[in-house]
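Here the structure is laid out as structure tokens; the discussion comes afterwards.
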Amino acid sequence: MKTSARNFIKCKVKEIHQGIVSAEVVLELADGQQIISIVTKNSVEDLELKPGMQVNAIVKASSIMIGTTD
Amino acid sequence: MKTSARNFIKCKVKEIHQGIVSAEVVLELADGQQIISIVTKNSVEDLELKPGMQVNAIVKASSIMIGTTD
Amino acid sequence: MKTSARNFIKCKVKEIHQGIVSAEVVLELADGQQIISIVTKNSVEDLELKPGMQVNAIVKASSIMIGTTD
Amino acid sequence: MKTSARNFIKCKVKEIHQGIVSAEVVLELADGQQIISIVTKNSVEDLELKPGMQVNAIVKASSIMIGTTD
Amino acid sequence: MKTSARNFIKCKVKEIHQGIVSAEVVLELADGQQIISIVTKNSVEDLELKPGMQVNAIVKASSIMIGTTD
Amino acid sequence: MKTSARNFIKCKVKEIHQGIVSAEVVLELADGQQIISIVTKNSVEDLELKPGMQVNAIVKASSIMIGTTD
């Protein structure tokens, strides 16, 4: 399957915090930067996400904002 | 200013494609991975974005999906 | 690839309207209901979208609102 | 009230899973396909959502991605 | 129709800038603060938006971030 | 830091409802209108949000829909 989402960022699952309907998944880029994702608890189970697993963070281009560094 | 957005990913502006109301900004991570962002044309002008500039890609945690790599 | 996006709705491409950086894609469900999607112009080209093609409309669960019918 | 949201998809409430601040609502299209929506727990109460109720899944066009079926 | 969107902010249309598929609509709150919305060009036509018209800016709660003022 | 997000709406924190991974923050505009935001529980802690605190509601332009008032 190919999708219209423009962004597939390679990272690794670092931690998973389960809630009742949502879950917070902490991802880590190769250079150590962290990415935080909120998905449904069911997604974590369906994808069998576990710390150490290689995944892609997927983001639609219209969901990405830009900030200056100063 | 601190914000509730959980994700600030360091990257560099690579290319800017201007439309009439929107603009596509191609960003590059340190390891060469690309991130595509759609912002308003006015944002590109207000932030004075130019190729080579260091910026942050900012994403709300609830806008990040996860995909398996297989 | 499996993704955390909970919604994959089967539909068919009906029309494509190209802008400069964005494109509006009109999709059609089996029962004739229409779905409108805004993606980047580059996505339309990469996926080689054409009228009549079978695709999935993919939506993250947190992007779906609910309205009453009255 | 008319809104700029381009997508109103007719469906029926199938299941509701309540969390503390969020709720997962499982919707069903006429052809049996399911749609999963995450809304606030307060929305479920205000709209008095119940299994069997006819509703619309409402989605902004820029929140819809497209995936190929192969 | 009632919707699960938690935010209906009363404002007035100030300016409309049409693109090819998207349009930028500048809204104004009672206290003079501005809100910028990107919708499809077709939405502007369907809602017959015009400067001076009273409207609601509608936002899903999960799309609102919070920033400190310092 | 300047960001591409077009909307910074001045408001005050009114109430905070903590869940396990998410939190619902009720904000109030100067004219009394309310804004509801869902952020991660960690954001509430990092920003040290408390009732009475002045903040900005930040929204990307593409997340704002428009509704007519009739």
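Just so it is clear, A, B, C, D, E and F label the chains in written order, and each chain counts residues from 1 on its own.
One rule holds in what follows: contacts are C-beta pairs under 8 Å (C-beta built on N, C-alpha and C of every residue); 3 or more make two chains touch, one makes a residue touch a chain.
Every value quoted in this text rests on a predicted model; they were computed, and no experiment measured them.
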Mutual neighbours - chains that touch chain C and chain F alike: A, B, D, E
Superposition of chain A upon chain F: rotation angle, C-alpha, nearest 5 degrees: 120
Interface residue identity across copies chain E, chain F - same or different by half: same
For chain C paired with chain D, centre-to-centre distance based on mean C-alpha positions, whole Å: 16
Where chain B and chain D are represented by their mean Cα positions, the distance between them in whole Å: 29
Whole-Å gap separating chain A and chain C, where each centre is the average of the chain's CA atoms: 22
For chain A, residues contacting two or more additional chains: 1-6, 19-20, 22, 24, 36-40, 42-43, 47, 56, 58, 60-63, 65-69
Complete list of chain pairs which touch one another: A-B, A-C, A-D, A-F, B-C, B-E, B-F, C-D, C-E, D-E, D-F, E-F
Touching residues on chain C, where the partner in the complex is chain E: 17-20, 22-24, 36, 38, 62-63, 65-70
Partner chain E, residues of chain D touching it in the complex: 1-6, 37-40, 42-44, 46-47, 56, 58, 61-62
Chain B-touching residues of chain C, taken from the complex the two chains share: 1-5, 19-22, 40, 42, 60, 62
Residues of chain B that touch chain A when the two form their complex: 5-10, 24-25, 27, 29-31, 33, 35-39, 43, 47, 49, 53-69
